[in-house]
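Presented sequentially are two complexes of subunit A, the first with subunit B as partner and the second with subunit C.
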Partner chain A sequence: MSPTLEKALTAPHKLEYTYKRSLGPVLSPFFTALRDRRILGVKRRDGRVMVPPKEYDPDTSESLDELVEVSDEGVVTSWSWVATPRRQQPLDRPFAYALVKLDGADTAFLHVVDAGDEGNMETGMRVKARWADETTGMITDFVFVPA
Partner chain B sequence: MSDANEAANEPIAVIRTPISLDYHYSAGQSASRFLRAIAQGKLLGQKCPVDGRVYFPSRGACPQHGVTFGDEVVELSDKGTVVTFSIVRVPSENIPLELPYITINVLLDGADTILIHVLDAKLEDVRMGMRVQAVWKPKEEWTTSTANILYFRPIDEPDASYDSYKEHI
Partner chain C sequence: MRDVAVVGFTQSPSMRSEPDRNEVEILIPVIDALRKQTGLTSADMDFICSGSSDYLAGSSFAFVSGLDAVGAWPPVCESHVEMDGAWALYEAWVKIQMGYADTALVYGFGKPSMGDLPITMALQLDPYSVMPLWPDTLSIAGLQARHCLEKGILTFEQMAAAAARDRGHAKGNPNAQVKGDFTVEGILAEPFLANPLRKSDCAPISDGASAIVLAAGDRARELSKRPAWIRGIEHICEPMDLGVRDLGRSRSTEMAAAKAGVGKGKIDVAELSAPFTHQEILVERALGLGPDTKVNPSGGALAGNPLMAVGLSRIGECATRIWSGEADRAVAHATSGPCLQQNLVCVLEGE
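Coming up: the complex of A and B.
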């Protein structure tokens, strides 16, 4: 190596992709409903309800457009405790990522449970949405808390 | 967040989903030397020991032959030749220049690799072979950053011959 070795320069480097996403005919009503503190799913032909809604049936690929409101309470089907949240995660204190099957839905979806302590988490526990004071139509308009 | 949806009763049609990657970048030995030199107003390249081509900015090794460049550096002029150019008429986030503006691939005198930069010229004047020179920030503002060069400007020299830059197009 070179005898003139100097300490390498370092600098912060932020790489950012400023995406905007067009929501389409199914997710647009879903996010719009979040602003009104309501949660929508989509009904498949066999009557099962998917939350969050999808535009197409995952088995038959047929178009889906029958939106139905589900409860903002449900059951934790699986969870993982985040003991040391990172800067860009949704809460700045320990929380759980959980799959929550809402009452009226047939699928579980991934969201945050603000449970305070890992000891408060249990598969099968009931949770309910705690809505932000001001909702804007974002998935972060609510988190779940133990019911 | 969703400034496109400010009207409280409008359906939400678009959401912002930015992705941000925060790096702590280490420039390494060779680029650090380049950056320390540019803080003194010097532009350093390095010569490949195999074919003699001069790479700018200097880097640790030849990308073509895989050999290290060692400590020998070549100081380059801040004058060069426009190899190709593009007139930008579409805005881009993070680029605060007023539209339209000109980007150039400029071949600095003595270098064998091109540098991408901005040219301050009339749109109708820019052309391949045009001779240009870097416009620097005031010396007291120089740092270890390529941003010490603000942009390039045309200079009163005859156009370079096509043969002198054709392999860099």
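Coming up: the complex of A and C.
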């Protein structure tokens, strides 16, 4: 008699990380603020504001923790055009990736501009955040649109 | 410092897709040819180091299978970096400098055709603030290219000229993937692939592998009539965020070049692995290369771009030209990360 398979042992298998990771003292408030539709930067010792914020100064390696709010509007400093978005990308229609310097920030921020047409994109143009109806504290809580 | 030289180099052809061979099968003939070239077996290697990316294979510890091409019995002293093989060579060079080895086998391999490479590369970006937006390689490089173009740092014509030069040189390279008589006018007439980049501005996607043997001092002289001595090697990393970097120059290449001593003498040959034309121009400037340097005689990364091996191959292409006497002094470059984030510079000299 061959053994039946009815009695075979089974166990659920879910592929996941079974732990939670804290984002730390700087990124955690940054993402929490996104949930509240606010954007935070971090102030360097020389007063310049970096967005997104980092725990350390990229030049001097000093610890940074002074968070300041910046505007959700700013200026495009460079851009590239995605004519055929891939399925993973945030929009299902042509859009731009752009470096955006927000008002109150000294560094540019890599994000998405939902500009409709390539012809609407220009370095120096002003953009503002368009927030999702439900924000979750993720970088995808908003995209930029022409201001 | 110990004298360390490149005494062996082999590579596979760069192929857009290797549908019938897995990574180990691509690597086996490369390692086999290296054994024939140097007369050494794995047992003769004091240290073995490889560079590859599990993200390309899509499974963790995929790099371990690479050892099947080398043979892990009897036990070998071995290491791996999740980087281009050029960084594996750096680790091997350090090992030899420390006195733990006199010979080392270094190899790099990659088969990006298994996935959608431009999007796979998004996984190397900041996992919280950038990666969830999935910016692909062309989009990221395009941000830098536009910055350089609009700030007057370089022109579309210069970018096209870099592609035409490299692919012209590649006509003499049987391992190159993209080669031929390209012209600046012809390239500028191409439509944008991802504005502001045209297809010819981008390195191809290539499957492939390469391998190098390093040896110290007299061991190198036994193995080679004219060893390619590593006279300087350095790698420097910049911050990951594009917004805090000067995208119009490659500071880390400048710093690595200074530490490796590139400017101490005439450079006959330079081999660069910048995967976009504007990046190649930035690297060329950062290295301070003049008109008496032949840049990318093999075609460089723009002619064949086997990810995780392309930087190691640049060191090998320089070494072969030193062995032959075509060059007395050469510089090889490897890069990693978005927009030339991290750069390795290696100066090679003949005696």
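In this section, the second predicted complex is superposed on the first by the 125 of 147 C-alpha atoms of A that agree within 3 Å, B and C clash if a C-alpha of one lies under 4 Å from a C-alpha of the other, contacts with A are read in each partner's own complex, and residues count from 1 in each chain.
Criterion: contacts are C-beta pairs under 8 Å (C-beta built on N, C-alpha and C of every residue); 3 or more make two chains touch, one makes a residue touch a chain.
Bear in mind the structure is a predicted one, so any value in this text is a computation, not a measurement.
By the touch criterion stated above, A:31 is placed in contact with subunit B and with subunit C alike.
When both complexes are overlaid on chain A, the residue A:110 reaches subunit C alone and has no touch with subunit B. In the overlay built on the shared chain, the residue A:120 is in contact with neither subunit B nor subunit C. In the superposition on chain A, contact is made by A:17 with subunit B only, not with subunit C. When the two structures are aligned on the shared chain, A:90 is found in touch with subunit C, with no touch to subunit B. By the touch criterion defined above, A:79 reaches subunit C but does not reach subunit B.
By the touch criterion defined above, A:99 lies against subunit C but remains apart from subunit B after alignment on the C-alpha atoms of chain A. Of the two partner chains placed around the shared chain by superposition, neither subunit B nor subunit C is touched by A:60. By the document's definition of touching, of the two partners only subunit C reaches A:52; subunit B does not.
Residue overlap on subunit A between its contacts with subunit B in one complex and with subunit C in the other: 23, 31, 88, 138.
On the side of subunit A, the complex with subunit C involves touching residues 23, 27, 30-31, 50-52, 54, 58, 77-83, 86, 88-90, 97-99, 101, 107-112, 118, 123, 138-140.
Here subunit C touches subunit A in the complex through residues 116, 118-119, 122, 126, 128-130, 132-136, 138-147, 150, 192, 194-197, 239, 241-244, 247, going by the rule given at the top. Put simply, subunit A touches subunit B in their complex at residues 2, 4-23, 28-29, 31-32, 35, 88, 136-138.
Across the complex, subunit A is touched by residues 1-2, 4-5, 8, 11-29, 31-33, 35-36, 70-71, 93-94, 144 of subunit B.
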